Amino acid sequence: MARKDNTSYKKTIGLAPGTIFYTGEKTSSDLYIEVFKYNKETYEEKELDAIEAAFSYNTATHITWINVNGLNHTKVIEKIGNHYGLHPLILEDIVNTQHRPKIDEYENYLFVVLKMLYFDKNGELVIEHISCVLGDSFVISFQESDGDVFDPIRSRIRNNKGRIRIMGSDYLLYTLMDAVVDNYFNLIEVMGDKIEELEDELFEKKDDNDITYDIQNLKREILRIRRAVFPLREVVNRLEKIEHKLIVKKTRFYLRDLYDHIIQVSENVEIYRDMIWGLMDMYMTTISNKMNEVMKVLTIIATIFIPLTFLAGIYGMNFENIPELKYKYGYYIFWTVLLIIFIGLIVYFKRRKWL
Amino acid sequence: MARKDNTSYKKTIGLAPGTIFYTGEKTSSDLYIEVFKYNKETYEEKELDAIEAAFSYNTATHITWINVNGLNHTKVIEKIGNHYGLHPLILEDIVNTQHRPKIDEYENYLFVVLKMLYFDKNGELVIEHISCVLGDSFVISFQESDGDVFDPIRSRIRNNKGRIRIMGSDYLLYTLMDAVVDNYFNLIEVMGDKIEELEDELFEKKDDNDITYDIQNLKREILRIRRAVFPLREVVNRLEKIEHKLIVKKTRFYLRDLYDHIIQVSENVEIYRDMIWGLMDMYMTTISNKMNEVMKVLTIIATIFIPLTFLAGIYGMNFENIPELKYKYGYYIFWTVLLIIFIGLIVYFKRRKWL
Amino acid sequence: MARKDNTSYKKTIGLAPGTIFYTGEKTSSDLYIEVFKYNKETYEEKELDAIEAAFSYNTATHITWINVNGLNHTKVIEKIGNHYGLHPLILEDIVNTQHRPKIDEYENYLFVVLKMLYFDKNGELVIEHISCVLGDSFVISFQESDGDVFDPIRSRIRNNKGRIRIMGSDYLLYTLMDAVVDNYFNLIEVMGDKIEELEDELFEKKDDNDITYDIQNLKREILRIRRAVFPLREVVNRLEKIEHKLIVKKTRFYLRDLYDHIIQVSENVEIYRDMIWGLMDMYMTTISNKMNEVMKVLTIIATIFIPLTFLAGIYGMNFENIPELKYKYGYYIFWTVLLIIFIGLIVYFKRRKWL
Amino acid sequence: MARKDNTSYKKTIGLAPGTIFYTGEKTSSDLYIEVFKYNKETYEEKELDAIEAAFSYNTATHITWINVNGLNHTKVIEKIGNHYGLHPLILEDIVNTQHRPKIDEYENYLFVVLKMLYFDKNGELVIEHISCVLGDSFVISFQESDGDVFDPIRSRIRNNKGRIRIMGSDYLLYTLMDAVVDNYFNLIEVMGDKIEELEDELFEKKDDNDITYDIQNLKREILRIRRAVFPLREVVNRLEKIEHKLIVKKTRFYLRDLYDHIIQVSENVEIYRDMIWGLMDMYMTTISNKMNEVMKVLTIIATIFIPLTFLAGIYGMNFENIPELKYKYGYYIFWTVLLIIFIGLIVYFKRRKWL
Amino acid sequence: MARKDNTSYKKTIGLAPGTIFYTGEKTSSDLYIEVFKYNKETYEEKELDAIEAAFSYNTATHITWINVNGLNHTKVIEKIGNHYGLHPLILEDIVNTQHRPKIDEYENYLFVVLKMLYFDKNGELVIEHISCVLGDSFVISFQESDGDVFDPIRSRIRNNKGRIRIMGSDYLLYTLMDAVVDNYFNLIEVMGDKIEELEDELFEKKDDNDITYDIQNLKREILRIRRAVFPLREVVNRLEKIEHKLIVKKTRFYLRDLYDHIIQVSENVEIYRDMIWGLMDMYMTTISNKMNEVMKVLTIIATIFIPLTFLAGIYGMNFENIPELKYKYGYYIFWTVLLIIFIGLIVYFKRRKWL
């Protein structure tokens, strides 16, 4: 399972820089392009068959959001690149799903890579590659497949809720990133539940199934989340700080706020990491405690019965001259002695708090 | 319980930035507004029903402190925001109880978020969200519910004790923060006691209840405290350093002092963290020591009686021709041999320091 | 095996700085020089017997790539150094295979050291020393032996694929470095597989062979990879940032991209490091779990049969007056009692989840 | 004992900033004021009853050192503060024994807090709070009680040894700090001895007393030392770097030297910390080794005698037809077989290196 | 043995700053002064009885290297200090063998402290204190005793090999430092061998001697090496960067190279540190594995023979009416049953992979 992150590395080794090669697993996703065009007064929403239709949308009076789903359609992405004059390395990174979050500044546009994280129905962590190009009056977002966290944004555009319709394209970019980061809190919550579950298994239930595997799995997940979330701090921080004509001052407050959220997620990730690493130690003490318990039972049984069996063995000997054997009440005296030893040992164990 | 910190994340996901949504648990707190208005000569103290009454208080000749309890009353907070021209993101953060300590600088006011920490009557760590807005001649503080650490400040205003009545609103902000940080020392002390208690349980008492759970709990608490306290260092440091018309030079000395206190708390938190992490190792050695003790008892008993039982078994055999059985004093010789073996083994164990 | 990295240190101790002494193990490699000379329109490819032939290649109209294989031929390297006016310390570092990745800036050329990593057919990690000199219109690369990761570049030059034929010598240097870094992803993948294998061995198979050795081996490998990869971050970062006439602006975008790739590799290395360190803990719990299992079997057997054997011992005694022995059904009653005890203990173990 | 550091926190919570409240334990120390007044030619030494007498000492021609013992006499400290115009926060910190080392710069004076560390006669680590005010031609030092490390300085002033009489008040401050830091090396040595002792106990002696407690104690001590020593690095570094009229250039060389010493102490503290943390692991292996030894004894005894006892049991059976019982030498053959088994097992254990 | 580093601290506590007090252990070393005087054309080499003879050597046309062995001869060092106008603190540090590596810049000279490391014939790590003063046309080096790593340099001066005779005094200083650092690689190699040896002991040999002690020793050694090597990075880095008339540009390339070497040593030290810390964990698993093995033997023996002994006990009972005892082939049937049980258990253990 460690392999999961790397399956596609091999395919791209040796390719020329700037080659557009989709490295993800969803190689048969349908192409799905949706376009929003809005300003303070009006808005328009369309689903497109071909990307060319979107190119006419760009105007000075509207903000345009082009959302492209299906990174396997590299031809379409190349067309977009040509139309907007994007650098070949950007096109490569749009489809390179292994790429870490980053921000690239060009004269006329900004390029942001980030990661959408969720648990699929099998409870497996999925990391989806999202990239955004911010231009003068447009934002183009790229996703691996449809189904995303942008529905609240769509609804805010449609219903003219919040500030989105009166702000520029930089605010739109912020909103998209904010939606992705907001969703991280879901993830954090699930991770918290998983840790709690494991702790409960460790403490309360007595069954013996090995949870080392589950802990190792959690470790891997938190490490993958960390890798997706941590670089984003730097991305947003830089986005807030850079002097670029596309980022207006009013938006910086929002980016600062976004930065605070990512820090909050990161802190949670670090805390959970500490907790998960601690689980192994806890498990170890649990095992040792169980063994202690087992050993005590063994020791109590052995310590009581081994001496008694010895005594019985004595009077099972065939010496011709064992006077005790001939006493009338020898057998009963014997039992009395056994009982005294037995009670003495029980008292001893009670004192040692073994019983 | 890991979930405790995150219960409210889900509800806010998808909301537009700047939406005022209370994320805490005290959704039915009463609204409680108190106002202090003072200068060198006079002071006035009032409890208000409606926030509007407070708006008339602001004058150039007095310092006004408005203390709002009940973050669930988002309407009231919105009104305050409108009256004082606060940024929507600030209003969002006032009621976002999950937000980490921070400072935001605006042209006409400063916004500070911090955390009040205490253990409730059940011994559970409670983290209460406090935020303060510092304006020209006023401070507005927001809390989740009444009951706070500000009583000494109230009394100092009433009795004109200390410097509070002769200093500006920035000193008032400092005093509020100082009161919160002062209270951290209480917390530190309780944590120290808890660690000591666990250590005593580890060393002195012999009962077997599993303290892994308690250690894990302590870990979680110290991590939560850490998260609430550590960002405050940066906040106070920045507050001391920024060039802002609202912070006068005289107050900076006090902020420096406050910074020292937070560093001191942080150092204690780090030390306790180290101690708590060490507890698990200590517990592990304690378990192993106990097992060693158990194993020794078992080994001593088994090592003494198994050979003796073997000997008894020998003379319990029914061979027709076992000469020893026919000796007159065979039985007594047998006992003598047993005693010699017994004493020999005892001496052996003494030498090995097992007894 | 820890020695492997250091075998050659001793030989160079005491040599004057700038002495050209090959420190690697491939002391009998054949000398193999290949030269590429190309521009937008034409390209030429040659294999040389003597390095002198290459010196005539340098012209203003072409880019020349001289690839020297066989660092043991120090004479040849000295000749190159003399021809191109390279600093003696550079020549020393070209053949010092122990040297870590670095970049040295001189007025007329840049010198870069990096490491090619691969697993040989025995599965052993091999670290090959590569150094490049970037000049005005040429790049000279030095390797320990032929067989490298540059084939895709050769083919791109031949077929005029990608941008390589229209860009300068700095782009060629970038391409060489990019090929080396691309290959790291292979390595990462193999390491991922190895970790996964060990985890599977830990979890699924029950055989007892000690995997401590394998874990220790993995540790050593990841540490060596780390040492080869991490300094490269700084090298590429500096290459991107420096103001040097040899690095044109257009190439910087590509260097930034290369930097992102190295960061990605580094992150993977760190994650694998964490995973490998965790394996030891996992192994420990696995051992303890097995011991628990063993102890339970022992305890169950002993706890059942020791008391029963004691009872049998009782009725094997030779007291003259043991009434039970004379009961007609004494033997059958005895068996019944045994069975009851037996069943009682089984129930007890079931309850304790030991069975 | 974790509580020891914090006992006094509670008392100061809620006090107004600048309140002079002694937080230490030596609440009944006698007041003891000593004054040194010296220049190149002359020196004077006096013990004072009242602080007022010291105020007349300050002249431009002499350096004055006022050493105040007894921080519980807050009235006296207030008087000093008033006379020299010290900031209220400084007075608070002079008597706040919990305060960490720091330096505060004011226009006319510098304020330094540091910690004197020693082990008392019970071997307990004592941390004594020392603060110094450096003025134009005077230094005032404050201690909790008399008995300090300044005797060599007193003697150097009296005997005009070293440079002290020809240098300014900044050099005097340096000398005081140097004396305190010099004494840390004593501490370091005692810690080294303690660690060595514990290691010896772990390796050589076989007695079973639990040293977890001692290790935990050492941990606590090294953490407390760390907290007292580490901030001093920053203090001295700043003292060397600041532009302040009171620190002349000549003294900076000495401060640099002092800084080197503190770094050296810090490094030792870090190394000891590593060693102490390692002790727990060592102890764990020691316990496990002992258990191994115990288990081996048990296993050897059980493995030898259980089969032999079984054989004896066989021939203790009462089957009517057991032919061996009737052999004339049956008993002797039996013993021979036992001996063979016994020797075989001994050989087996020798081979396994268990004996 | 932890004490070894600190034995001399006590003696210097309380001494005035600048006091020349030798803190090392070689208090009876002979004084041994050697002088090299050379330029491009000529060289001269002399062994001196008195240091005064060396003072006439300084000329503008030659480079002079004065090598002083025997730090216990503090009088001589004082004379040198007076002649060259060295600061008293420098003289103190020359003989303070506890001092960490550092560089001090003065107007007319540079002062460098570093550490020569080697293992003596008993295999004990020795740290020898070396300090160098770099002046206009001379270098003075100070060592604790003769016997050093400078022989290659002597031979290079004599034979005019390398660049040494044509470069300035700064290059000579570099050469001395380079020789010391070169020697670290020897050390690194020995440490590598020691680790490998311990690993082999852990894996292959089965004897039971406790290697905790050896691991702890290695830890201490690597920590001491670390302390001697790590500060040197900063020293050389600063030496390369400072603007000082004594360091010419040409030498900076060599210092950069030296810096690379120290980084390489440091990386190795860090890796070995990681490996050594890991050894303890490995040892722990080895112990646990051994215990597992022991426990299995015990469990197998006990599980096989305890039930069989029980059965034998049954038929050793003296009930009057045990029908089996009267069967003609009862005894043989009994053995058959035993055999079946025996084989069944063997099969069971095979399945569980315990055999």
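Lettered A, B, C, D and E in written order, each chain numbered from 1.
Everything that follows uses one rule, which is that a contact is a pair of C-beta atoms (placed from the backbone, for glycine too) under 8 Å apart; a residue touches a chain by one contact, two chains touch by 3 or more.
Fair warning: this is a prediction, and the values are worked out from it, not measured in the lab.
Chemist: Upon optimal superposition of chain A on chain B over Cα atoms, what rotation angle is obtained, reported to the nearest 5 degrees?
Modeler: Rounded to the nearest 5 degrees, it is 70.
Chemist: Report, in whole Å, the distance between the mean C-alpha point of chain B and the mean C-alpha point of chain C.
Modeler: Result: the chain centres lie 42 Å from each other.
Chemist: How many angstrom between the C-alpha centroids of chain C and chain A?
Modeler: Distance between chain centres, rounded to whole Å: 26 Å.
Chemist: In chain C, which residues are in touch with two or more of the other chains?
Modeler: 281, 284, 288, 291, 295, 298, 302, 306, 309, 313, 316-318, 322
Chemist: Which of line, ring, star, complete or other matches the graph of chains that touch?
Modeler: Contact map by chain: ring.
Chemist: Reading round the ring, first chain C, next chain E, what is the order of all the chains?
Modeler: C, E, D, B, A
Chemist: Under the stated contact criterion, what part of chain E meets chain D in this complex?
Modeler: 1-3, 5-6, 9-10, 12-19, 87, 89, 92-93, 98-100, 102, 104, 206-208, 210, 212-213, 216, 219-220, 223-224, 227, 277, 280-281, 283-284, 287-288, 290-291, 294-295, 297-298, 301-302, 305-306, 308-309, 312-313, 315-318, 322, 324-326, 328-331, 334
Chemist: Tell me, which parts of chain A touch chain B in their complex?
Modeler: Interface residues on chain A, with respect to chain B: 149, 151-152, 156, 161-164, 174-175, 178-179, 182-183, 185-186, 188-189, 192-193, 195-196, 199, 202-203, 253-254, 256-257, 260, 263-264, 267-268, 271-272, 274-275, 278, 281-282, 284-286, 288-289, 291-292, 295-296, 298-299, 302-303, 306-307, 309-310, 313-314, 316-323, 352-354.
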